[in-house]
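Each chain carries a letter (A, B, C and D) given by its place in the written order, and its residues are counted from 1.
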Amino acid sequence: MMMMDSVSTGLNPVAIAQGQRPIAIAANALSFGYPDQPQVLREVTLTVQEGDRVGIIGHNGCGKTTLFMLLCGVLTPVAGEIHLFGEPLTPGQFRPEVALLFQDPDDQLFSASVRDDIAFGPQNMGFDPAEVDARVTQAADMAGIAHLLDRTPHHLSGGEKQMVAIAGLLAMTPQIILYDEPTASLDLRTRRRLIRFLQNSTETVLISSHDLEFVLEVCDRVILIDEGHIIADGCPREIMGDQTLMEAHGLEKPHSLIPHVESHHGE
Amino acid sequence: MMMMDSVSTGLNPVAIAQGQRPIAIAANALSFGYPDQPQVLREVTLTVQEGDRVGIIGHNGCGKTTLFMLLCGVLTPVAGEIHLFGEPLTPGQFRPEVALLFQDPDDQLFSASVRDDIAFGPQNMGFDPAEVDARVTQAADMAGIAHLLDRTPHHLSGGEKQMVAIAGLLAMTPQIILYDEPTASLDLRTRRRLIRFLQNSTETVLISSHDLEFVLEVCDRVILIDEGHIIADGCPREIMGDQTLMEAHGLEKPHSLIPHVESHHGE
Amino acid sequence: MHIPDGILPAQVCAAGYAITGVATWYSLRQINRRPDPAAEVPKASLLTAAFFVASSIYIPVPPASVHLILNGLLGVVLGYFAFPAILIGLFFQALVIGHGGLTTLGVNATMMGIPALLAYHIFQSRDVVGKVLPEPTRTGVFAFLGGALGLGIAALIFLALIIFNIPAELNATAEQAAVLTLSVGHIPLALVEGTFTAMLVLFLRRVKPELLEG
Amino acid sequence: MGVASANTYIHRESVIHDWSPRLKLVSLGLLMFAFATVQQLALVPWMLGLAALLYGLSQLPISFLRQRLSYPGLFILAVVVLLPLTVGDTVVAQWGWLALREEGLRATGLIVGRFLSILTLGFILLGTTPFLTLLGAMRSLGLPTLLADMTLLSYRYLFEIAAMLATMQQAMRLRGFGHSRQRWLRVNRHTMQQLAMLTGNLLIRSYEQSERVYKAMRLRGYGQSRQVAPAPAIASPLSLQNWALTGAVLVAAVGLVLAEMRLA
């Protein structure tokens, strides 16, 4: 397979670091490998400014989920360090400012009712019951699932589960949200609703996805990972529009970036 | 929501029934509902000819999985009947000529080694060990996973698991294969491999998917389901290219069918 | 093999609850000694649910079928979490499918749970007691013992409770004969359960050895 | 398996529905135990009457009781068929080698009476109290946190895992499992091996999911402060009706036990 040195189009991490918005995530020379396996991430350095919406793309097993797990302190890096809003992240420590949406919402909806589930985070943060209630209501409204509060998570549809899981994160008012393949088995209607929701969200957002059209609509920056390195980092349309780059790393140029007038199909 | 009478573009099921190729699946006035729930499918009539590659599209919960479960005899229809190659299908009966790929490959990989897993079906069909071995080798070759035979299915990547599950079906030499959302969390490279594989497959194939570009590349006929009915049945490019029809049923026209030259993105 | 409501006198039910209380307290104490007890709660809970669900799997022995109890296996996999897990599983069974009973919950938990703890210790002793055996055999043999004895002892407790508590008028020889035949009748069941446990543990050992670390 | 339909709470308005869950749990629990002490046939009608009265008060439909009795009913059948024919010396009636015996009949009456009454109380408890409320009441009565957390989590994933098993069994059947003919009274080794793998996969998948669930819980602060899933607030001050009901049930329980001691 072809290897490329980090191609930086548009945004340059160092330049960003000197920008005006505060830095939400600063990861420095991060390395990680699972026991008895080759390293998944090798010296990854990454800076995300507050309010950025970053898409993370790369083939199956390139380490997207692993990166997210590191950024929220669930996994401990072998080397390197992470700062969130200037404060170092100690793995295992509870940092309510960062939240992770798991790929499968069932992993994340562990309470017996939707209301309890959304309340779980705020309760653990030590808020009093009135504040917890207020947060539950607000988060449910934001995610548009206020009508589901008294239901059992198990009986919801896939799309509803997804939005309940998001509400559970919002109730903790995180400043950074990591979304791991949020569209994997959503239908187009629910996917469209999620796109609207993300376009209006104000948090710093990282999204790992194979759905490039989705990344294109939501993100203002994209990071391409392969073989443990950041291969490219910059403007989504430039990176994903670069056919040679994409194909070299097992991806495809999204259809909406291919100039064509009804042709090239049905050989 | 808008309702439409069955729009038939291009192919007409009755016309097909009189065609020259034998009929693989003939479902007549099929109805089904889960206990205590409104009916999911209402009087669905469907004819599939041998060698057809049919895509089934529709929003979450429209009944795609339910239809597949009926077609392979796992669920019993409330009314209506199904014939496979002219023979009536009795629910619960083992019909090795039809195989189902479950959405989550973990649902269908149980053995401690890939080889044992692929051998599971042929063994149950009562072949002698030599024949079982021959079938395992052949199926593994066809699915391109011969190098994985001695691994444990549990430790494989998502895409590898998918292909092992497919090999497990191929070893039973089915004539009809039902694929339930086969691309849900595959990356583009694995998805591309699956597209190639399906384009070259000779079985009668039904594919349920939200990935319309995938359906467009693989299928020569598409069926749109909504509210328990077949809304449209015919040429993929015509049905999926019909923006009004697609949007009326909670879908979107795929990007590759939208005529444009690098525009309309990044508002 | 659950004792329903209404058979046992109140004293026996109360004694069952008392033993269950002590066993639960003891298990919780052992659990809380671990470095991070909260970390094991999700694992124990999901496996409790899985065991509850798996108890609906049966082995066909035409013309009938054998339901598995899996209490020995629970002990082998869950260690000290086995007793609370069985208590919770039986509680669900009583509530959801009316299997067992609420007054007999303590008795049933004792009957299944104490042998499960025993199975755990038998399995854990494999490296000490079973040194002579080569590895996969050793795990298999001790898993078999755990499964077979887990069920066997539970069955003995069950029979003893039933025989000594219902028909006060049955005469002594008839009683002995009944206990004997029923116990002998349970031997094949214990063998099936032991074999199944051994097969399953060997499968786990190959595919997911972490699950056997207790 | 009936797990899928585990939501047994029936939404109705009744005195029993309004009863404070804690008092209901304690009162009905004690009454069940009082029923279990009954050894006198004479008390059986009283016991059944009490259970019926409470069931009437709860306004639960009869169909609910009938449905739920079908499974344990098999047990009753066994008792009814076996005991009167085998236990005791006083023959009441005889047809050939079949003899109906008095002691057996008495034992049957007692067992079946106790069984039905206790079970009915259990169904009243379950049918009028949502499961989560019941668990909350148990927590406030001193159920250890770890046990309560485990119960909640297992309850949540019970359905998920049951669905997982159902899907895996379907997948196996579609690949020919269970369609070969089996010999009578034989355990087929191959079948058993495959079922062991099925169970093993169920455990492994549950275990792997539990690891992800644990990560998700940690990220939302589980194990930080020790106050996990607090007991639901006990609603409004208890009404007079609440105490009256509790008092009446407790008096009935004590009365039964006293009557039993006098008659014994």
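The rule is simple: contacts are C-beta pairs under 8 Å (C-beta built on N, C-alpha and C of every residue); 3 or more make two chains touch, one makes a residue touch a chain.
None of these values were measured; they are calculated from a predicted model.
Asker: Of the pairs B-D and C-D, which shows more C-beta pairs in contact?
Answerer: Pair with the higher count of C-beta contacts: C-D.
Asker: Taking the mean of the C-alpha atoms as each chain's centre, how many Å separate subunit A from subunit B?
Answerer: Whole-Å distance between the two chain centres: 31.
Asker: Can you work out the whole-Å distance between the CA centroids of subunit A and subunit C?
Answerer: 44
Asker: Using the average of all C-alpha atoms in each chain as its centre, how far is it in Å between subunit C and subunit D?
Answerer: Spacing between the chain centres: roughly 19 Å.
Asker: Residues touching two or more other chains, restricted to subunit D: which are they?
Answerer: 131, 152-153, 155, 157, 160, 164, 197-198, 200, 204, 209, 213, 217, 222
Asker: Residues of subunit C touching 2+ other chains?
Answerer: Correct list: 42, 203, 207-208.
Asker: Residues of subunit A that touch two or more other chains: which are they?
Answerer: 110
Asker: Between the chains shown, work out who touches whom and classify the graph as line, ring, star, complete or other.
Answerer: Drawn as a graph, the chains match no named shape, so other.
Asker: Who touches whom among the chains?
Answerer: A-B, A-D, B-C, B-D, C-D
Asker: Going by the contact rule at the top, pick out the subunit A residues touching subunit D in the complex.
Answerer: So the residues of subunit A in touch with subunit D come to 69, 72, 74, 92, 94, 96, 99-100, 102, 104, 106-113, 116, 120-121, 123-126, 129, 152-154, 168, 172.
Asker: Mind listing the subunit D positions that touch subunit A in their complex?
Answerer: Result: residues 7, 131-132, 152-153, 155-157, 159-160, 209, 212-213, 215-222, 224-225, 227-230, 233 of subunit D touch subunit A.
Asker: For a test of understanding, state which residues of subunit B touch subunit C in their complex under the given definition.
Answerer: Where subunit B meets subunit C, its residues are 112, 152, 154.
Asker: Spell out the part of subunit C that touches subunit D in their complex, as residue ranges.
Answerer: Interface residues on subunit C, with respect to subunit D: 4-10, 13-14, 24, 28, 31-32, 36-39, 41-54, 56-57, 59-63, 66, 70, 77, 84-85, 87-89, 91-92, 94-99, 101-103, 166-170, 192, 195-196, 199-200, 203-204, 207-208, 210-211.
Asker: Mind listing the subunit B positions that touch subunit A in their complex?
Answerer: Against subunit A, subunit B makes touches at 58-61, 103, 157-159, 181, 184-192, 210, 212-213, 216-217, 237, 250-252, 254-262, 264-266.
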